[in-house]
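Read through the structures below before going on.
Common to both upcoming complexes is subunit A, partnered first by subunit B, then by subunit C.
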Partner chain A sequence: MSEDPASVFRVEAADLLDQVEQGLLDLGDRLDDMALVDAVFRGLHTLKGSGAMFGFDALAAFTHHCESAFDRVRKGDVPATAELVAVILSARDHMRALVDGTAPSADGEAILQRLAGALASATRDGISPAATAPASALAGWQLFLRLPVDAMRNGTNPLTLLDELRALGDCTVIARADGVPPLSELDPLDCHISWDVTLRGDISREAIEDVFLFVMDDMELRLDPIAAADSPLVQPVSSPPAAATDAAVADQGLAEAPPAARAVGESVRVPAERLDVLMDRVGELVIAQSRLSQLAHQDGGVALRSVAEEVERLSGELRDTMMGLRMVPVASLFGRFRRLVHDLARDTGKAIDLVTEGESTEIDKSVIERLFDPLVHIIRNSCDHGLEGAADRRAAGKNETGMVRLSAHQAGGQVVITIRDDGRGIDRARVRAKAEANGLVQPGQVLSDAELLALIFAPGFSTAAQVTNLSGRGVGMDVVKRTIETLRGTIDVASVDGEGSEITLRIPLTLAIIDGLLVRVGDSRYVLPLAAIEECVELSPEQDRQSEGRSLITLRDRLVPFLRLRELFATGTRPDPFQKIVVVSIGTERVGLVVDQIIGNHQTVIKSMSMLHRDIGSFSGATILGDGNVALILDIGDLVDAARPREERLRAAG
Partner chain B sequence: MTDSASLTGNVAGDLEVLSFGLGGETLAIPAAMVQEIIDLLPETAVPGADPLVGHVINYRGRVIPLADLRTAFGMAPAPPTRDSRIIVIEQALGDDATELIGLRADTVNEVTILSAASREPPPVIGLRWRREHVSGLVQHRDQIVVLPDLAAIFAPLR
Partner chain C sequence: MSASILTVDDSASLRMAIRIALTGAGYAVTEACDGADGLAMAEASRFDLIVTDLNMPNMDGLSMIRALRAQPAQAGVPIIFLSTESDADVKAQAKAAGATGWLVKPFNPDQLVKVARKVLGR
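After this line comes the complex of A and B, so read on.
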């Protein structure tokens, strides 16, 4: 299974572009942070290099211009300005389009023109102190460098590196041969020599590090400034540092040098399909193992039984490990919203801070992907409707900068994601008026606070008096609700007038596994998602007879409609004498499902239904039981819909 | 899968097929689309599903539909026998999606070569099946072998 090099590059480029974007957004907040400038430059530089290598010439050419611009910032010729950052951000979007091969070339031209303009105005307005006061008194550097042993085999030529150093200034190179093994053990392709280099002249640390840009992650490089001069960093320094701080700065510089390498760490990139295949294999193993256990307990000896138990333990652990592989931190999700909020702030003219918490919380990769759209809607709503303009905020005695807080934490088998803003809160009177106007509620109908707030998720509902470019088309929140429900999650709203609103999403950790209740209907077994189950009660034969016509029972003074699954699934079997009702709920709706027998809890791997069965709404998936049989997983949302009285369904549809 | 295309489209060369018996007829499907022939497995009924794919089975840890082509050819349902098998095929559904499907078979006969010359399009009259479900008939060793058009049979279910 060899991969297309271009697709490998696309994945790499996506990562680089994300890094560049994060760097730019940080830089927007701290314009004078040279480490960030460097990070962005490095990202662009690598993108250009590998782009050209993989034949993405348009990308390489375009990136080259942005890189050159950033090079000037880095060298202190031009100060970083907000405008410059904004232009490079839009350039980044264009690069992404170039990577995908969907970029209109006119866009590129326009961006480059804006870039030139931003550079010109930046040079004009800001004669930056950094530009005028470089660390000039620097006498030079003492370098020690050792390349990895396999450097030459990987295509690095040490001589060119040394030549590049020589090009920087007056240079004395002394080779250290102490690492060279005896001739008998010497592999001529290995690189055993290390070098002491004395480099004289006013040279920035970055210039030297640039020489080693492509080998930096693996090599050993020590940089010591010669003489007690000014700080080597191209940064305005308020007081001349002593020699001791110089050393500290140098150390720090070394530690910061390869941020990309550190972020990647020891991880391996694997296509998601391979994980799915592995998951299937593990699923098979678990089933084979449970058959083995059954056999061992039926007619096996002690030895066989102990092996079976061992296999059971191992396969259980294997499954847990497998689940862990699919988990990714929500940081990858939250990171994407910084750009969104940045753009929203620009479009709405409001000052907005996005605060994120609990980024290390892990959640299944497929869930993460499907959470993106709903969160976009919610955050847009918060920024657009929730947060007030600066003037209103000042009048209300709040900080002018609005805040959106995005946090995640794990609670049991669920991940709780909250989106909170400190805006004006949801206007209940307006929600009510709007709902009445839309015919969603009757005038004068008594609603609990939760029911009232839940109206914002009704289809076609929007309180925005004006439809803005961002939100207010009334297609957002009902889609959000539906998406969260297909993820088997729940959504709650809370709001305090004048203080802001909070939306809480509870999502199962994974879609691959379900905690279910195994039940029997007729001859077949089905799985009900445990999260939706409220309680189980017995349906006595008398109750059954009494409720023949209306299918309603009274539970704690509330009427609960119920469905006989035996009838729904046309099993053609006689009911068990002691049928059970499993009460399930979605939101505020409760429905009882009559089953013949409750077998017990069952944690299980979810298999998707075949395409040929997609149009059957009643099942959200299937699972394989311990004995190898298939059990279908009931789709609670669909069943609740089915149980709704007919007229109510018509009203909801109309 | 290129096989179903060669089955329905031009038949320049001979066709390597797996022939099997169903409801007294001999059917044949391109051998290349066959994944495996397996013994009967426990079946799980899917309430509300089209009778053509009314059950699912656990095929090597995957839940796949079990199709009964009798339904597509209007044959009477029949209980499984000692010779009954399941033929697991990979069927193209839609643009680039393929899906594993189990086909019920009363008997599985052989892998054989059907000559292109003896192949005929389904006649307009004289067939007791729906014509669009048949892509061709082949005279082979004194019997008629029916080539079902699986893509057409499964298309309405997508």
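After this line comes the complex of A and C, so read on.
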């Protein structure tokens, strides 16, 4: 394969620019961290070097100025300042444009001028960096503590001890796991972890010793005072031997989340299209395999059947491996929002913290790409509409810095992503007023709380009294909802007045192959996504007669509406004597689907519908069965929506 | 839910003083009158903290602590002992038996609550 060197460089440059950006953002928080300065410098240096090599001369020339500026910071000539970081951040954007070949050249000159200005003022202010060091260089203590091995067994909770230390002053705790024995020798009641604690503040030795009153005699406790003159300790004096800790953790195979975001391992870059082609082939293989299995079971001998079973196992493993290849941690997605929130904070003048959790959760690469825009929109909404200004937050008794929490975790075949802010929450009265003004609901119409909140996803809806350039003009949430639905995901919103709101996205792990349940309705077969299925029950002829016209069954004291797929698809066939109800759920809603027969599990390779059939509701795609026939894949969300009005009519009718 | 505390003491007046102090601080308190009684109660239901005297009839505090710690279910349950002697010998014995901490008699209610908070972390 012949690869274009320039395109290889572009990919590499994108990584480098991301690294530089992350480094700069971190540096913005910890201006005196020389390790970060070094990291940014290295990134710029490599970018300049490779840029020149691959003929990106403009990029090399421009980057050179930024590199020299950081070289001076690195050598201690100039202190890192917030202004300098901001200028280099915008310079980074310019470099990105140069890499992509889209930059207007005037932009660059302006940035270089700002860079010169920032350097000059930094030099002026920072003749003696010590003088500008923040006044937080308080005296404190550097502690090392190791509890007796039987401490936990005997009722001492190390966490409460550490909490007591935290209550004394500004506290950084680092756990050392180097004393932890291998899993085979580990007694879970033993305490093998020791701690390095940096405690800042004017704290007496007695106060610290009081914390350890009951374990003092048996424990190992070292107390070293930190002199006031010491520069502020960003890193504790003795940071743990990282390699040793990692090794210890790895030894025991503990389920510790790997630092996936930054980890650099042996890896091969493969264009995404090639993976897609491979995925397609695997899909074809799975289909061929199911035909083989079917044939072998119909009229094959033992030998053929055992081969068919082996092929089934192998293709299943191949499928799983293939899926694994396409999985990328959401860290790559979440990382991009740090910059967004940074910019939003600047534009809105609010102080905003972005907290991310579960970055090592993995999702299909193509899903990640398509999640970016919806998440941008939701996060913008949270920062712009959700979080209050500093004054309002103070008045409400909240921390002035608003928080947006982005978290991801896997639940079954889905990834759940939540975006939570601690702002004012969604103003229900205003949502209602707005919806009435737009004719989305009638005045006096009774809505449940969930229905009311769901109005924000209605087309053309925007609650911002003042439309800002951040949140756009109300083309937001309905587009977000549609995008999530095309990913076969769902979106839910919850909100508490004065405490904030939370948006939950549930996205299937992959778009290509799902586990499905094959059912028969009339003469045709259909596939239901297994992830949505809660249970299958029988609809006895008596129940069927009783429920005629009401279409409700009682399942564990709850009424569940059901749809007769035979009627919906107008099959014109007589019902089987023993019909089944497949109960599916979306969010909190449950709906039963009446089918004639449940055939069994089916590895479903999803084929999209042709252009002609794309707009048909109720079906999200099709698949090819073992015997070569086509089965349609039912769109659960659409069916539930279809059931809802019927159910409400029935409820209204009593 | 508030933390539940078992107090083991043969003196009814001291038990009452302990109960008043701890319930006043929002804890739920159960009483036992000696070591054997305390052991039976601790086996019957789960407590977040046990506060015990050392010198008691039937079964003394040290034996009770040893018996408790011998049971896997009681591992990690904090046990505070009360002692008139502040000498290191008694302390060492009780700690070897598996006690978590101690309080020297006489004590005032605030001290007791402080120790309970410290050990329970709430």
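The definition used in the following text is that the second predicted complex is superposed on the first by the 384 of 654 C-alpha atoms of A that agree within 3 Å, B and C clash if a C-alpha of one lies under 4 Å from a C-alpha of the other, contacts with A are read in each partner's own complex, and residues count from 1 in each chain.
One rule holds in what follows: contacts are C-beta pairs under 8 Å (C-beta built on N, C-alpha and C of every residue); 3 or more make two chains touch, one makes a residue touch a chain.
Here the structure is a predicted model, which means the values were calculated and not measured.
In the superposition on chain A, contact of A:R313 is made with neither subunit B nor subunit C. When both complexes are overlaid on chain A, the residue A:H297 reaches neither subunit B nor subunit C.
When the two structures are aligned on the shared chain, A:M152 is found in touch with subunit C, with no touch to subunit B. Of the two partner chains, neither subunit B nor subunit C is touched by A:R274.
When the two complexes are superposed, the chain touching more residues of subunit A, out of subunit B and subunit C, is B.
Of the two partner chains placed by the overlay, only subunit C lies in contact with A:T160; subunit B stays clear of it.
In the superposition on chain A, contact of A:L568 is made with subunit B only, not with subunit C. Contact with subunit B, but none with subunit C, is seen for A:L632 once the two complexes are overlaid on the shared chain. By the touch criterion stated above, subunit A contacts subunit B in their complex at residues 280-281, 283-284, 287, 524, 568-571, 607-616, 618-619, 622-624, 627-632. Put simply, subunit C touches subunit A in their complex at residues 69, 75-79, 92, 95, 98-102, 118-121. Residue ranges of subunit B in contact with subunit A, taken from their complex: 41-42, 44-50, 53, 56-58, 60-65, 67, 93-94, 97, 99, 101, 154, 157-158. For subunit A in complex with subunit C, the residues that touch the partner chain are 150, 152-157, 159-160, 163-164, 189, 213-214, 217-218.
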